[in-house]
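This is the structure I have questions about; it appears just below.
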Amino acid sequence: MEQPGVALQEGACYAEVTPDALDQSKYVELVADPGAGAIASFVGVTRNSFQGKATERLEYEAYIPMAAKKLMEVCRQACSKWQVRRMAVAHRTGTVLVGEASVVIAVSSAHRRDALEACHWAIDELKATVPIWKKEIFQGGEVWKENEE
Amino acid sequence: MEQPGVALQEGACYAEVTPDALDQSKYVELVADPGAGAIASFVGVTRNSFQGKATERLEYEAYIPMAAKKLMEVCRQACSKWQVRRMAVAHRTGTVLVGEASVVIAVSSAHRRDALEACHWAIDELKATVPIWKKEIFQGGEVWKENEE
Amino acid sequence: MLEVRVLFFARSRELAGTNETTVSLEDGSSTKTLLLLLFQQYPQLEELRGNFVFSLNHEYLGTDEEQQLKAGDEVAVIPPISGG
Amino acid sequence: MLEVRVLFFARSRELAGTNETTVSLEDGSSTKTLLLLLFQQYPQLEELRGNFVFSLNHEYLGTDEEQQLKAGDEVAVIPPISGG
């Protein structure tokens, strides 16, 4: 079921859906820029428990072409709402074990407020708009999650 | 003039003042935690220009023992104001070239909002309370900066 | 007749027992017609009734939004998302 | 007499021409007395007059805050900070 990933680059925006393990520093380096004085980043990680149950792993499934497109839209909207220099968003598909990253966002800007606010907005927007699904596998069962958004 | 660094660890909080180059991933790994679903981090980087002048480098000077103490205070306050699992704050002293990091903050929490808000609060608080000074060396001169805080 | 490609994801994929199918419809059919057809063809989808939306060519449709279909369109059944 | 250690940082270090000195004061002296003494001993500090605070044993003092001093205290001249 493991499909190849997709990476899109549009100007200062980079969006990627990949089955491979995510390395935060790759995306932080991607957004480095001599004009940037601030780099904010976020990593979503598989937690060992959810609502009291011990999580074994998470399985992520993506509508890959649409997910990549929507990730790029999140990126471009953030770049238009804030003074962002560069931005990268990446989401992983397939099995993500406890402690491993499922999503990474990195944003650079001249002044810290833009990067910090854009990064926070982006993860919220991603959860509300990107066609990706998370199944939680825990001891004794599994369940498809639903974001509040 | 290069003084040795100081690193403090108090429970879930880590604070460091060091003359060595800062590696963000070290601090992100420091705050990794099986119960954390989110890791937010911030890197302050030397920019190539400031108010139109081409920056050559920044020189940071710290009142090291008090700076380390104040960094720890920032950490502990963040941990009490938000549901933080672990937090690390590190500031570099001495010369920091364009593109290099002068400060790194990493915060982990079960849910993303705590890590993201604590990280943002912490960099603002750090700039207002930690006895560290930044001299900007640019073509044609140098000037001690002053934070707005 | 027009043919559209229908993709199933997550819970809908499990209920339909497949991740993809091709559906033939009368010319001029809409996404509403497709919805009825899918419930007939995959009765287990009832579990998700009222709890999913369609996407049409990589764009979401509103819960009650009806769109005309044309040959080659790609429709996906989108259960509540949980990315990030 | 009591002796206190005085540290100078950033611009104040440049103006004073040193990063540290030891100052002897009458017993019971306060940070206000110290301030006057420093301006006498380092007239170039005038450039920073009203634009720095003291720290006393790693705690900031308010701009007009006066504290009693005791032997071995560590006072630092803290120009406006610019960390981060």
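Residue numbering begins at 1 within each chain, and the chains themselves are lettered A, B, C and D in the order written.
In this text, a contact is a pair of C-beta atoms (placed from the backbone, for glycine too) under 8 Å apart; a residue touches a chain by one contact, two chains touch by 3 or more.
Given the structure is predicted, the values throughout are model-derived calculations rather than measurements.
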Next item on the list: Please find the path from subunit B to subunit C through touching chains that uses the fewest steps, and give that number.
Entry: 2
Item checked: Most distant chain from subunit A, judged by the mean position of its C-alpha atoms -> D
Next item on the list: Could you put a whole-Å number on the gap between the CA centroids of subunit A and subunit D?
Entry: 49
Notebook entry, point to check: So what's the Cα centroid distance for subunit A and subunit C, whole Å?
Noted result: 26
Checklist line | Distance between chain centroids, defined by C-alpha means - subunit C, subunit D (Å) | finding: 74
Checklist line | Sites on subunit B at which at least two other chains make contact | finding: 44, 123
Check: Could you say which residues in subunit D touch two or more other chains, in rising order?
Finding: 84
Next item on the list: Would you please name all pairs of chains that touch?
Entry: A-B, A-C, B-D
Checklist line | subunit D - residues contacting subunit B, complex | finding: 7, 9-11, 13, 55, 58, 76, 78-84
Checklist line | subunit B residues within the subunit D interface of the complex | finding: 44, 60-63, 65-67, 69, 91, 102-103, 123, 126-135, 144-147
Checklist line | subunit B contact footprint on subunit A (complex, rising order) | finding: 24-25, 28, 32, 34-49, 98-99, 108, 110, 112, 115-117, 119-120, 123
